[in-house]
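First the structure, in the form of structure tokens, and then the observations on it.
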Amino acid sequence: MEKLLLLWQSTGLANFTWGQALMIGVGGVLIYLAIAKKFEPLLLLPIGFGAILCNTPVAGIGGPDGMIGMIYHVGIETGIFPLLIFMGVGALTDFGALIARPSTLLLGAAAQFGIFATLLGAIALNLIPGFDFSMADAASIAIIGGADGPTAIFLASQLSPDLLGAIAVAAYSYMALVPLIQPPIMRALTSESERQVKMEQLRHVSRLERILFPFSVLVLCVALLPSAAPLMGMLMFGNLLREAGVVDRLSRAAQNEIINVVTIMLGLAVGSKLSAEMFLNVQTLGILLLGALAFCIGTATGVVMGKIMCKVTGGKVNPLIGAAGVSAVPMAARVVNKVGLESDHHNFLLMHAMGPNVAGVIGSAVAAGVLLALVGG
Amino acid sequence: MTEISFSELFLEGLQLMGVGMTIVVSFLILLIGVLHLVAAAVRRWAPEEAAPEARPAFPQGTGAVNDRRLTAAITAAIVQYRKRRRT
Amino acid sequence: MEKLLLLWQSTGLANFTWGQALMIGVGGVLIYLAIAKKFEPLLLLPIGFGAILCNTPVAGIGGPDGMIGMIYHVGIETGIFPLLIFMGVGALTDFGALIARPSTLLLGAAAQFGIFATLLGAIALNLIPGFDFSMADAASIAIIGGADGPTAIFLASQLSPDLLGAIAVAAYSYMALVPLIQPPIMRALTSESERQVKMEQLRHVSRLERILFPFSVLVLCVALLPSAAPLMGMLMFGNLLREAGVVDRLSRAAQNEIINVVTIMLGLAVGSKLSAEMFLNVQTLGILLLGALAFCIGTATGVVMGKIMCKVTGGKVNPLIGAAGVSAVPMAARVVNKVGLESDHHNFLLMHAMGPNVAGVIGSAVAAGVLLALVGG
Amino acid sequence: MEKLLLLWQSTGLANFTWGQALMIGVGGVLIYLAIAKKFEPLLLLPIGFGAILCNTPVAGIGGPDGMIGMIYHVGIETGIFPLLIFMGVGALTDFGALIARPSTLLLGAAAQFGIFATLLGAIALNLIPGFDFSMADAASIAIIGGADGPTAIFLASQLSPDLLGAIAVAAYSYMALVPLIQPPIMRALTSESERQVKMEQLRHVSRLERILFPFSVLVLCVALLPSAAPLMGMLMFGNLLREAGVVDRLSRAAQNEIINVVTIMLGLAVGSKLSAEMFLNVQTLGILLLGALAFCIGTATGVVMGKIMCKVTGGKVNPLIGAAGVSAVPMAARVVNKVGLESDHHNFLLMHAMGPNVAGVIGSAVAAGVLLALVGG
Amino acid sequence: MTEISFSELFLEGLQLMGVGMTIVVSFLILLIGVLHLVAAAVRRWAPEEAAPEARPAFPQGTGAVNDRRLTAAITAAIVQYRKRRRT
Amino acid sequence: MTEISFSELFLEGLQLMGVGMTIVVSFLILLIGVLHLVAAAVRRWAPEEAAPEARPAFPQGTGAVNDRRLTAAITAAIVQYRKRRRT
């Protein structure tokens, strides 16, 4: 029967490439990690599912006329989805700990060294045959060290869309792995007595200061680093919605409806970049390797800066909180708390680590702005 | 793209690292300054009177105790009330 | 006054065609059915209102520059709205009864015969002068027998956009009429003793099985019928969000925010296809007739398959539950329960009918995939 | 270093124009008014923030490839955002007071004189050098007198997009200033005894009447003024969702999710029209002046009509409620209540003022339709 | 745009004012008529029987009574409890 | 479209019916097999211990009563305990 032949030719089995089959497996692994290991499930589950759907042969779901392809075009190529998520992050984030102790911004700054060191690492990988990262690629890979999903997706979508899939997967995976990656580094770089340092309680932060904070950041950003203005602007807009106290409807919309809906769409759309030709190559291995490197270096420089601040202040800063500077909010702060408790069962560092933790978000948005300004031109 | 030698690219990367890190650190140090200024200004011109809206560190603190006691009292009352009704 | 003349020429009264006036009446009837008769009000009310707005003369609300026309272009031409609704349906559906008793899939399969018989019926109508259905038209009409609104809208938007309005109206109207259409057929085809058959309680379904279910369906679909992958993929994605247990935020967004907002937009947009030239013709009569036929045949073949399963299992299956195989979740299952109670006041078939009921959703998505693959090429 | 120079050239400081800096200040003032003075914060806060972001040099956030520029293109140029907000307003509005006493529509009609008088005023301003308002501009400015944000934005986006920023700011600012603007006029035009008039309690309105109301308005609108059909249609659609009683899911979506999300986007997008060249000119001063005029005249004619109705009915209508006819729901009705209480501590006019208040919404939608039909051609 | 003299524009504006205001008022007067007609029709053909769905001030009906009793019991309990604590 | 005779179209429709129904049935029979396999695999390698998360058929039923009684009992106990402590 001619119809049956036509139908057989339209089956997946008759059209599968090995690459597609493998990528469907990769999608399955991501979903497994999301559900069974609770690896950033809000993102990795939709990404994994998007990968499966977009690697279905014949259907073209990720193509220009397919549903997910269109979502990618509208939401990620334009940068709108990561920016909306950043708005939601701003509305969900309490910057109080940072306002109470602005010096923790230094820790957030130091941890960004992971980004720039990785940039150099990515270029160095070009010495190995098979790697050919441009400066834009290197910048997109490096931002994994920012430990900030939407920032990484935003930068990669602007500079290296082809690497977006691998970069997003690496960024979210390592964020989930923070409790495994960071503690050994933190222990190696600090002495027992340093880990036992107790910190003063944070001062009270008034409502007015909370309202003025987004403007402080925004004014600096607008004046000095406009290329970071979209990211930082939406982050601070979300935070202002939260702190203003007069637009609770909008704040709740940013924290719930918008971020939830956009997360579903963003995840599916990122999954469409997990195609065999873009993912199943040695570059992805390099990205995974460099991503781990970025997290390690960022943690290390954060802790080292913590040690310096400890010295300078005469022991008022526990160096461990420097590790929270990579962001990965609030996971990294919890890790700091846990490692701290190992050395002193009564020393709760969580609130103190929230300062560098949210400082890390600002730090990597600044770093993204620098990279956009210098590489994206 | 035009052909770029590795060393050129690497040098550019080094430069980018230097410049980038400098900017990140400067930006955040500037922000530290601004935040201190704002805090000082607020303390000076718009101090909160006895922190009327200060949120206590343990918001459920003593209130929770009271609440729990109240709940106990209320539930006991309900039980009593139900018993009485049934009889 | 020239101004007044200009204004008169811009009034609706001066520009009405009979067709528009009649279609506004049709819109009013749909809203009446939605409110007074509770005929699928979530869809028919917006569809009816959309019809009124889009048949307003001069305003061009349904045209390429009008609001509803743009919504149609973005949401229905692309297929995105029905797919998002299908995601929500997946997040709202409990497939437990089907997992516990997979054999009920046979009932869901049998009931799809209504679709294919109607396809032939639509072609046969071409013998009557005035009808000129192409194969694509016939397929779009036939899918009404799937008793599944978003599937029907999706297929019609891809194969026969001109018939979309009539098809959507027929599909939702008949779904609302299930309690009237099905019982006589069910009673005619079964004996009193068959209707009294009691079924074993369903076994417990573990969380792991619930999580693996979407993948079982998806893998088969990807391997064998990629043309059904968009529909089935979104249905199973929604269900995975529901069952994963780690992404409740997203599951709630799919079940509420997304499905509600999209339902409003989808309804208005479908209404824009209720124009006089597309709706007020003999073809619409044919569609309404064929739609009723499709429901009746689907119910009948479902019940007949139920009788066969009853025989084969030695009386372990109540044939009535076959009627639920047309889907129309959960209305058809409730009808089964009600008809069953008439014969035995202690025989609650609701849970047993949920299996074929949700099987019918999968069955008609498969049928839609087949039609897309064979006709849509 | 060449890189540093490149970077300096990319800073905001190196690229600021005076206009941009000033407009960022304007944005700050709007946010200040929103937070500290509670001036319509739901709109003015996003508008102010949008103004800051879109006046950031280099970044181009409001440009054709920038996030906010794209949101403007999709949501405001098409008119979709104000229409969606109008749907939400409809779902939030209880027209019961108007249905119970239809004669209050006269008050809603009279208050629209503010619109048409301002139209003439805008044209008259052309006599002063520096002003050059076209008829379309004049109409867009005049609609500020409608005291209805989404209507003003809708009309301006269709007729005079360049003036949109100033018009939106003026409209929302004056709506916030209603408690200051209206009372002196109300007191000046009424006598103490008039202000003490007590009104009969409103009759009970049945559910059926509430359901039929949207159709009454819609049918008139479709038949006589199709150019108002988009605005009026969405307002009445939202109201029908509310009153139908069978689509509560959709009603809640219109009242919450949709209106909140769209308000954020709309505000940011309107902010993109607050650029120096469009805002920092004498025309904006004219618009602010004319807007205040429009509010004053509308209030006055509303009250005068109230006095006429008071006479005609032999003292059954308190003239104060005429002031509520400008709409600005529910602020104007509250102002009426407050001014009434000043004269008689036991005379609560709130419910009686709700009738003219919601009549004002309908009235200005009609006025917008007239202007679109006569000027927009 | 072609050059339009001010007086022309102003005249057109005047006309627009007249026509516009006329339409707004006529439209709303018509609407008054329609609403009265609808109200009359509803009263005639579909009157609500003793307003069955009129929403009472205490919407939960007998439930409210029970609730009120409960509230009374609870409040009594609280008062008792407070007294005991103070003593 | 090219002119297609009715009989051709009808024959094609018949074919489509046969092929389509075959596929739907085959697909769902395959799915039955897969679901049985999955169920067997789960039973074998990942059985739930005594169904810890089995949801009862009437979740609010007797449980709710128990809950309320329990709460009452517990709270009464707490009240008692507090009293004793104070005295």
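Note that the chains are named A, B, C, D, E and F in the order they appear, and that numbering of residues resets to 1 at the start of each chain.
The criterion applied here is as follows: a contact is a pair of C-beta atoms (placed from the backbone, for glycine too) under 8 Å apart; a residue touches a chain by one contact, two chains touch by 3 or more.
For each chain, UniProt lists the protein as follows: A, C, D = Oxaloacetate decarboxylase beta chain; B, E, F = Probable oxaloacetate decarboxylase gamma chain.
Please read all numbers here as calculations on a predicted model, not as lab measurements.
Common neighbours of chain A and chain D under the contact rule above are B, C.
Residue-numbered contact pairs of A-B overlap by over half with those of C-F, the repeat interface among C-F, C-E or A-F. The greater number of contacting C-beta pairs, out of the two interfaces A-F and C-F, is seen for C-F. The most distant chain from chain F is D, comparing centres defined as mean Cα coordinates.
One finds 37 Å separating the Cα centroids of chain B and chain D. Chain centres here are Cα means. That of chain D falls 19 Å from that of chain E. Centres computed as Cα averages put chain E at a distance of 44 Å from chain F.
Here the spacing of chain A and chain C, counted between their Cα centres, is 41 Å.
Looking at chain E, one finds that residues 16, 19, 23 touch two or more other chains. Residue positions 3, 7, 224-225, 257, 370, 374 of chain D are each in touch with at least two other chains. By the touch rule above, chain A contacts chain D in their complex via residues 78-80, 83, 211, 215, 218, 222-227, 229-230, 233-234, 237, 240-241, 244-247, 249-250, 252-254, 257-258, 370, 373-374, 377.
Residue ranges of chain F in contact with chain C, taken from their complex: 1, 6, 9-10, 12-14, 16-17, 19-21, 23-25, 27-32, 34-36, 38-39, 42, 46-48, 51, 53-54. Those residues of chain D that touch chain E in the complex are listed here as 98-99, 102-103, 105-106, 108-110, 112-113, 115-117, 119-120, 123-124, 126-127, 134-135, 138-139, 204, 206-209, 212-213, 216-217, 219-220, 224-225, 359, 362-363, 366-367, 370-371, 374-375. Looking at the complex, you find that chain B touches chain D at residues 15-16, 19, 23. Every residue of chain D that touches chain A in the complex is listed here, in rising order: 3, 6-7, 10-13, 15-16, 24, 28, 31, 34-35, 38, 41-42, 45-46, 49, 52-53, 56-59, 61, 66-67, 70-71, 256-257, 260-261, 263-264, 268.
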